[in-house]
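Quick notes on the structure that follows.
Labels run A, B, C and D following the written order; every chain starts at residue 1.
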Amino acid sequence: MTDALIALVALPLTAALLALLLPRIATALVIFSGLAITASAIALLYGVNTAGALHYELGGWTAGLGIALRADGLSAILLLMIALVMFAASVYASAYFGKASERAQFWPLWLLLWTALNALLLSGDLFNLYVTLELLGLSAVALAALSGKHAAVQAALRYLLVGLLGSMLFLVGVALLYAGYATLDLATLTQVVKPGPIAWSALTLMTFGLLLKTALFPLHFWLPPAHGSAPAPVSAVLSALVVKAAFYLVLRLWLDVFADIVTPTAANLLGVLGAGAVLWGSWQALRAERLKLLAAYSTVAQLGYLFLFFPLLLALPPGPARDVATGGLVMLALTHGFAKAGLFLAIGIVQQRSGHDNIQELGGMVQRLPLTTFAIALAGVALIGLPPSGTFLGKWQLISAAIATGQWLWVAVTAIGSLLAAAYIFRILGHAFGNQPYPHQAVAVAREEWPALLLTLTATLVLGLAGAHVWTLLENGS
Amino acid sequence: MNATMLLIFDALLLASIIGLAWAALASADARRSVILFIAFGLLLAVAWGRLLAPDVALAEAAIGAGLTGALLLAALQWQPRKTADTTNSEQPTHTLLETGFRWLVTLLCAALAGMLAWSLTQIDAGTAKDALANAVAANIDASGVSNPVTAVLLNFRAYDTLLELAVLLTAVLGIFALGPAQAGYRIAGPVFSSLTRWLTPLLILTAGYLLWVGAHAPGGAFQAGATLAAAGVVLRLAGRDQIGLPRGNALRIALGAGVGMFLLVGLALFALGRPFLGYPPAWAGALILLIETAAMLAIAATLVSAFIGGQPTEEKTRC
Amino acid sequence: MLTTQWLYALSGCLLLALGLRSALLHPALLQRILAINVMGSGVFMLLIAIAYRGPGMPPDPIPHALVLTGIVVAVSATALALALARRLTREQPHD
Amino acid sequence: MTDILASLLIMAGLFFFMAGSIGLLRFPDLYSRLHALTKADNLGLGLLIIGLALHLRDPLIALKLLLIWLAVLAAGATSAHLIARHARRREKHV
């Protein structure tokens, strides 16, 4: 069963090398390895569900001297989301990049990004996490700059510098923890870490670095230009997965490793920043003129929800009540991942067919691109949090917990954020369903439309209807 | 007496390092900043040597100061020199808000340094701090090499090094995607050309030596790769077209060689029923040398490619 | 900690703070890239100081290995940043 | 006895380094600065290396030190030549 842990890192990395050496068959390679990676992710999830958390000591050295890969319910679910979203986006990308030379540059970097995501989710070692963060950051930047347009390169450069700053702060925390506890293994550290200046400083620095990378308000300034100017499949995974990886690490550090160190005050601070992100991001999305910028600001807002409920989680005593709320948070992250990836892919189709993505000029889009418009609407359902989307389930659990513990502020922010989301989604749909004749020859390609549609369907229907399994998996896999 | 002398040496060295960093970052002139930064890197190498970290000192001198320095100096060619109006006044005018922001950032940075220093006072002496160092010493015989740093890099924490080679590969592929290489330099005159004629083989020889010696003494794939890359940089500066960098498919193989060999060895062992990257002790030394040789070639090819700033444009790419 | 360790560890903190300040405030791109490298050197100094055990004692090899990895990662990131910056200067927008 | 000789050689080498640095800072134009720098460097480093070789008394290390000296000598001479030539060309153009 632990073979899946190795496969999830070795498969995309091997495929990246092969795609580099054999550019002609790279597309087939990506699809084939994508299937294999998805199968490994399913196997891992099955293993975690039946046998509990898994770990693998690389090179046969005990963790501490060596590095261990670890997976529990949380990481296994997120790994499956990564596999499905990356696979769908790969199918989409095979049609999106027209020229063979473009694909030759794209595929190796794409697979390196996939390697980085999987490696980050599986790593059980602090310094190894730093290396995976850098691998993720550099591959994301290289992909974001791929179009070579001035705006894209400029945004990518800023993205790179911010990301480097973030990982540097993370590394200071790692150095401090090594100085204090002489270990880099997360599991060992969980047991030995004690409240005190070392743990506090390290947690502050690492959290700050990761918040920069996950673009929590007001550190989000770099995100909209970078996500808004990358090629569509790249924007999709940047918004859906890459920022989530940093969020996952914050969650891991706060709820697992430093569980005894974090204080309610610190959690409240994160909650307030999250509230700021929800309100500011939604407001900016409402005012955005381009579809891609709207989607990027919506990411800022949706990431806000993930932090909004941190104070709530820490106010609950460790145990079943907290696990239920944590499940709600994971549900929000999952739904947003699928919905936002689908939304960006659909926007990519609109942009390619119309030659622009100005919201004002989308009138009549539904006549020519019915499936694409439908995918955007489905993504909207998930972003607003209407039933039966996964967001609805997640918010329901979290709001119930917030009411039970009397934390009304977070409830109010969620309500306002959902209303604003409804406003910006209906603004797009209002234009798209307009009666004007659509001026462009729009022939949609199935390889592009279906991934977008399936991703948004997963967010609205599959996660909503099969949501209960997420909680079971989290419980079984701990 | 000896201790006092060393203390004075440490104080002077650290004051120079901090002073150079300050001067490099305070300057508005890009050329000045880069030259001071290279000097900063060289003094850092001295500091690593002083703290008994010769492996790091070699890497810092070769990569941190050397190759990074070469990249930065090449960047000066297209960097806009400082604009005329900021040359004379060291302090450009700021609005009140900007001044406030600058002070806020400065205070926050000072607070960060203070917080770190305070945390460092809380480290308990002794307890467990040698646990991992002892574990390395206890297992070094099974690692296949006797240099503990190489043992950590290529055996105990080999997975880190695998991903690090993937980082290098990502960077060079990202650079290639941005466009073709920069135009080369003029053919050098007789003096410089004659220098390259014997310096290049010497650098290649040194790289081989560093690679071999890394098993039991300071050295290894990274230092060797950087030295090999230095040979390419010197040839490039002398205006040569052929700088030892392969083209087309061969270049791609060279760039991926480090990750490829690592994966090949790791997965082959896995298929034979051993842990992923778990070398059998009897074979460990040979396998590490094999991986390091491939890694050295990949590092050298990557660093030279980064220096010329893109894919070499001899062969037309077929679309 | 030993006096030597203290001296170098504190200098590392200082370099980190210096680098961070310039990374946030310096107007020029090249110096901001240098500043992030200086920050990295500060962390490396902290790690190497932690590894030191006094004259004649073998130091802890693990931080040394981490710093070696860190140096290579830093040069990769610097190279990519410089390539992006070159692309920007080569293609100013024609407005 | 050899240790005293070694110390004297090293100190002499350091003296030349110091003189070279002062020359670099105080001399009026580029050519005399280059002169001060290269002469002092080559001689200073040579004395330093002989001193170190005497101190360590290991033929293999002495050989490596000699190699370093030769490499620095060649690199120093070449770069001084390149800098001077560049400066000369510039003067002609102005």
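Heads up, the rule we're going with is that contacts are C-beta pairs under 8 Å (C-beta built on N, C-alpha and C of every residue); 3 or more make two chains touch, one makes a residue touch a chain.
Model, not experiment: these values are computed from the prediction.
The greatest number of inter-chain C-beta pairs in contact is found between B-C. Separation between the centroids of chain A and chain D, computed from CA atoms only, is 57 Å. Per-chain Cα centroids separate chain B from chain C by 11 Å.
Note: centroid distance chain B to chain D, computed from Cα atoms, is 27 Å.
Taking each chain's centre as the mean of its C-alpha atoms, chain A lies 31 Å from chain B. Residue positions of chain C with contacts to 2 or more other chains are 16, 20, 46, 62, 66, 69, 73, 76-77, 80, 84-85, 87. The set of chain A residues that touch two or more partner chains comprises 127, 131, 134, 138, 141-142, 145, 148, 153, 172, 176, 179.
Contact with two or more other chains is made by residues 112, 116, 120, 123, 129-130, 132, 136, 157, 160, 164, 167, 170-171, 174, 178-179 of chain B. Here, these are the chain pairs in contact: A-B, A-C, B-C, B-D. On chain B, the positions that touch chain D within their shared complex are 189, 191-192, 195, 198-199, 202. Those residues of chain C that touch chain A in the shared complex are 16, 20, 23, 29, 32-33, 36, 39-40, 43, 46-47, 50, 62-63, 66, 69-70, 73, 76-77, 80-81, 84-85, 87-88, 91-93. Chain B meets chain C in the complex at residues 6-7, 10-11, 14, 17-18, 21-22, 24-28, 30, 33-34, 37, 40-41, 44, 47-48, 51-53, 55-56, 59-60, 63-64, 67-68, 71-72, 75, 78-80, 82, 92, 102, 105-106, 109-110, 112-113, 116-117, 120, 123, 125, 129-130, 132-133, 136-137, 148-149, 151-153, 157, 160-161, 164, 167-168, 170-172, 174-175, 178-179, 182, 220, 222, 299, 302-303, 306, 309-310.
Across the interface of their complex, chain B is touched by residues 1, 3-4, 6-11, 13-22, 24-28, 30-31, 34-35, 37-38, 41, 44-46, 48-49, 51-52, 58-62, 64-69, 71-80, 82-87, 89-90 of chain C. Partner chain A is touched in their complex by these residues of chain B: 112, 115-116, 118-123, 128-132, 135-136, 139, 155-160, 163-164, 166-167, 169-171, 173-174, 176-179, 249, 252-253, 255-256, 259-260, 263, 266-267, 270, 274-279, 317, 319.
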